[in-house]
Amino acid sequence: MSRGLRGSLVAVGLVAALTTTGCVGSAPSEAGASGDTIKVGVLHSLSGTMAISEVTVRDAELLAIEEINAKGGVLGKKLEPVVEDGASDWPTFAEKAQKLISQDKVATVFGGWTSASRKAMLPVFERNKALLWYPVQYEGLESSPYIFYTGATTNQQIVPGLDYLKEQGKKSVFLVGSDYVFPRTANKIIKAYAAANGMEIVGEEYTPLGHTEYSTVVNKLQQAKPDAVFNTLNGDSNVAFFKSLRGAGITAETMPTVSVSVAEEEVAGIGPDNIAGHLVAWNYYQTTTGATNDAFVAAFKATYGANKVTSDPMEAGYNAVKLWAAAAEKAGTVEVEPVKAAAKGIALDLPEGTVTIDGENQHVFKTARIGLVQPDGQIKEVWSSGAPIKPDPYLKGYDWAAGLS
Amino acid sequence: MAVLNQLFIGASMGAVLLLIALGLTFTFGQMGVINMAHGEFLLVGAYTAYLLQNVVLALPVAFAVAGALGLVLERLLIRRFYGRPLDTLLLTFGVSLILQQLARDIFGAPNVGVTAPAWLTGGIGGFPYSRIFILVLALACVAAISLYLTRMKQGRRMRAVMQNRQLAAVSGVATERVDQLTFLIGSGLAGVAGVALTLIGPVGPSLGTYYIVDAFLIVVAGGLGQLRGAVIAAFVLGVLNSFVEFWTDASLAKVVVFAVIVAFLQLRPQGLFVLRSRALT
Amino acid sequence: MTHSKSFVGTTTSFFLLAGLLLLAAPALLPAFRLELLAKWLCYAIVAVGIHLAWGRGGMLTLGQGVFFGLGGYAMGMHLKLTDAGPGQLPDFMVWSGVETLPALWAPFRNPAFALAMVVVLPTVVAILLGTLVFRQRVRGAYFAVLSQALAAAFVILLVGQQGLTGGTNGLTNVQFFFGLDLYDPAQKRIVYYLVVGALGLVFLAAWQLSRSRLGRLLVAIRDGEDRVRFLGYDPAVVKTVVYAVSAATAGIAGALFVPVVGILGPADLGVVPSLEMLVAVAIGGRFSLGGAIGGAVLYNYASTGLSETFPSGWTYLQGAMFIAVMLWAPRGLAGLFSSGWSWIGGFRERRFPGSGGLSSTPASLPEPKAASASAPAQATSSTTSSASEPAPASGPAPSSARGEVPA
Amino acid sequence: MSGQLEVRGLRVVFDGFQAITDLDFTVQPGELRFLIGPNGAGKTTLIDVVTGRTKPASGSVRFNGTELVGRREHAIVRLGVGRTFQTSVVFEELSVLENLDLAASFRRGLPALLRARRGVSGVVAAVLDTTGLNALADRPAGVLSHGQRQWLEIGMLLVQRPSLLLLDEPVAGMSRGERERTGHLLQAVAKDHTVVVIEHDMEFLRRFASQVTVLHEGRLLCEGTVGEVQADPRVQEVYLGRSSSKKEPVV
């Protein structure tokens, strides 16, 4: 117990010293809003399994910050993004959110992708009375006073998707999803909708996140022979799913799928050949018409490369920054409560069209769009709700959803 | 029909498992290197296929690229760790992190698409060509390896070293060369498997992490360094997994497979096949 | 016991110093940093268990996250129930459409039951797996792979039972801990002291275990399991006991993690987090108790620090760190420091490699050596001699270990 | 005195190779029996079977009338059967004293094992004396010389007070003086234990053995005193004849 232990004691001592000094050394600096710049937090997974989706959202948010800075910033001050890595780990999200708030003193945070990361961060923002802008479509049933939701809630994406299927005369639907909260909640909603609208759910399959073997699920699809498949698979699993689907000879003509987590980025990874002809439900596509979107797409390609695509979550992240900046300008400060108050009713012309913040629940009005995947990897709009739909995270406006929340 | 389909699916899952585990039977099974970076060698193969956009051409190229990378790894790091298998685990975990992040920085975080050749799309009687291709590829690899190990001089040396290193060394076998070759082949096979994976799954920086645990389980169930064992374990577990999944769901199937392996190791603690050793440990 | 009185003095004063620093930390650190420190100390508690199982017992447990999770969920379930209030369901059950409290949850309302389960659940699972595995002499790499697969299977189970476990989200937003409001920094400080106290107790228990005959026996089993069998001991029993102790330790850490962090989900328990718990210990020095604890704190400190400084590139540094430690400090930083120490104290005799005395740290060999000078040549082994067991070396020189890996 | 060993109809097969064939072998209590034979004769395999390390294909091994086949190693040790290995196996990281103490504590229960060792027990102290390792008691076993290791191992056996000792080449690699001391040690031990020794060294055999059993290719070749065995033509054939193509050192 001599040398080894003694050495380890030195180690302990050193570590303790290091920890303490390190922590003290990097302890709170000056507040984010003081000086010439305003600090804003950007918190996404840059490593781990979720990096695949979140890195580009970060890029879009940074692009929006750059654009705002190019036009003189907010309240005459430049925005200074503080980028943190959530590392695909939910407590890390909470930890980094806390760090951004209490150490960097950021004015607001843009971040998160998975529901789990949002649920992890929610108490941190509520406790600190700080602001989070969450840019991804999600399962609804939430309305935190300290979160702004710039992605779709269920009545802006899933319900329109179902409306579309009903319109197309699809009677039987098979549900395929990754095993986590969004697909499970979405499928609950779908089942309630189906029961009220004379549709039959002929199967429901969940696979672990990151699952890459879909032969069996596809075999079950072949046995059930549904009119359509509602796909809530997440991320990488989609690639394996569509490759299996095509391998088994299932085409969009015989059995179309509606996907709610497959955007332009994912299409490239799946291989356009494998998914062309299938449907997706979002609020924005790279092909969405309008000068604002043309400018956004052009700016994005100019900044990150001509081969890059834009997608709904990226656009929602971009929107979040723009909406916050507008609210801060309107409030004349970056303080949380005035910004929240000013945000209500703000309407901006953004790539997906006019986006208005709903003061009631801090979600935004969004136009639902059903798209058809093209062989070139782009998505063509085949149906739209026409006007932006009022967000209804608890589906209070739908009778059939009465028992859900 | 559904059952027949499922049987085929099981076999094809077995083929995938076999392919990803083959390389590991060399590096882990024969050399005792717990190579956590094995998944990233799959990744190298997959990105090779992406760069070439030609699966058939990619097979030999991926073998060469992944093999070369394996050789570099062996020369630079792993050779200092023989006889310390548990340390190789942490070492290669570090390597795996670095390779993953490299892939992320070079090719971007999102998945990339690999276009399968026209003759591999579609299928016959519900059996996808891509799956048949993988099945054939897996069997071809096994055949090639066993021919190599039994018929070729280098292969026989490899077996000799594996069975008794010291005796092989004093019999004039350059064991160091054999080690390099073993690692090269093991990594190269992972590269080949990576190419095959592009036909059925995602190609992104996390690819390796999806397969690594399964690969280790196959090698353990089959018996360390046992080609026969790996083949049988892969197909049995593939079929088992596919049927359990068919009757229940994918999550449960994974848990059941794990339980079966633990139970099986109760009967045969050393896996299906055992290489006798006289060492007292 | 070869250490001198003055050395005991040094030892004690060092630990006292470290303890004092930990106790003084709340005064020195802002609340946010203190929370982080508390989280690292939870991992330090896990590290103590890993040191026992791996450093002392040679069991490379890649699935410590499972036990961490079992303890954590036992605690988390109780806290979620108290947060929800009597007769109410935890928030995630409401989202998942669960209408009545599952029978599995009901007993966790009772704090005594929940606290008992924190230790009992991991212990029982470890005893079950240990009995199955060690009795059949599955060890080394086999055991490592199996324990890793256990972590993978556990996560899949957790994720698949959303209504029961909160699925991928896990248990979030824990606000009260036995009456303490965790949103209040002053009350949260008490939780920090609890963690420090638990670490102290676990440390002392591990220390005593290492000093005891059982500790010696454990080292003996690590270095020559078969030989121990012929001394009349059943290594399977000893290993199972120590594995269970290390599991219980991880369970306690997991239980404390919940009030400290406020969240517990499958993402903290899977294959990679379990590996990281192990890697931290390897970096600190698995053969040394202090090294293991220091490693856990240092690793998590570095991982927080590096990811703050280099948010997009810290994975490289992390990877490079593992490689560097394995290459140049296979006994971890503790080993490095101890060599440095003896180099400074030049009067100390340059010891023969492998003669680390009573030290838990083999002086030069990174992997514990086989106890024998060489294997009995005529014995046909009926045991699982697996690849990851240290190869029998024909002498103390590290080079001779090479190549005797039984395939 | 107890310690009777009876082996009947023993057959051991490794992957189709018959390592031991129909072996009958008896050692009476208090005997000091030497076991010799060329490489591959099955000597160590026999000890392995007795101590539970190898499972026989058929046959029985009775110790004081108790069947040993099918029991696990540590259970057999607890019945009073101890062994050493061909090359000594001691725990290098533990001190000599701890090695002995560990061996001596094998009947303690788990709670007792959880306490640290205090002092040196009488039996350990006595064995430290007998083996002459007193001066090295606090040194790690890793620094011992070859001969010292062998003694330590025998010492670890003695503190366990087995009634049957099986020693696998205890003097291999020892110097002349060391052999001499070991031989006397064995004779002393044999006064109140049954001892079976595998040994090749003929000089050692002549000096210390009373009864010798010769094994060859897994079968019993002959039994008797040293003189009888040496005179047996079959033994000479085995060691010197055609079948002894292996370079077996016969001294």
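We call the chains A, B, C and D, going by the order they appear; numbering starts again at 1 in every chain.
Here is the rule we use: a contact is a pair of C-beta atoms (placed from the backbone, for glycine too) under 8 Å apart; a residue touches a chain by one contact, two chains touch by 3 or more.
This structure is a prediction, so every number in the text was calculated from the model and none was measured.
Q: If we define chain centres by averaging CA atoms, which chain lands farthest from chain A? Would you check?
A: Looking at centroid distances, D is the chain farthest away.
Q: Once you count every C-beta pair in contact for both, which comes out on top, A-B or A-C?
A: Here the pair linked by more C-beta pairs in contact is A-C.
Q: Please work out the Cα centroid separation of chain A and chain C, and write it as a whole number of Å.
A: From the centre of chain A to the centre of chain C is 35 Å.
Q: Please compute the C-alpha centroid of chain C, do the same for chain D, then give the distance between them in whole Å.
A: Going by mean C-alpha positions, chain C sits 40 Å from chain D.
Q: Taking the mean of the CA coordinates per chain, how far is chain B from chain C in Å?
A: About 30 Å separates the centre of chain B from that of chain C.
Q: For chain A, jot down the residues that touch at least 2 other chains.
A: 47, 179, 206, 208
Q: Touching two or more other chains, which residues of chain D qualify?
A: 14, 85, 89
Q: Residues of chain B that contact two or more other chains, please.
A: Chain B, residues with two or more chain partners: 101, 209, 249, 251, 254, 276, 280.
Q: Taking the touch rule as given, give the residues of chain A at its contact with chain C in the complex, in rising order.
A: 1-20, 22-24, 26-28, 46-47, 83-85, 87-91, 94-95, 98-99, 102-103, 114-116, 119-120, 122-123, 127, 139, 141, 179-181, 184-185, 188, 206, 208-209, 404
Q: Quick check: in the complex, which residue numbers of chain B touch chain C?
A: For chain B paired with chain C, touching residues are 28-32, 34, 36, 77, 80-87, 89-91, 93-98, 100-101, 162-163, 165-166, 169, 175, 209, 213, 216-217, 219-220, 224-225, 249, 251-252, 254-255, 258-259, 261-262, 265-266, 269-270, 275-281.
Q: Help me check something: in the complex, which residues belonging to chain A touch chain B?
A: 47-49, 51-56, 179, 205-208, 210-213, 215-217, 219-220, 222-223, 235-240, 243-244, 246-249, 265-266, 268-273
Q: Considering only the defined contacts, which chain C positions touch chain B in the complex?
A: 60, 62, 129, 132-133, 136-138, 140-142, 144-146, 148-150, 152-153, 156-157, 159-160, 224-227, 271-272, 275, 278-279, 282, 313, 315-316, 318-323, 325-327, 330, 366-367, 370, 372, 375-381, 383-393, 401-407
Q: Quick check on the complex: what are the chain D residues that touch chain C?
A: Touching chain C from chain D are residues 14, 19, 39, 43-45, 48, 51, 53-55, 72-74, 77-78, 82-83, 85-95, 98, 101-103, 105-108, 110, 112-117, 138-140, 142-143, 146, 149, 156, 160, 168.
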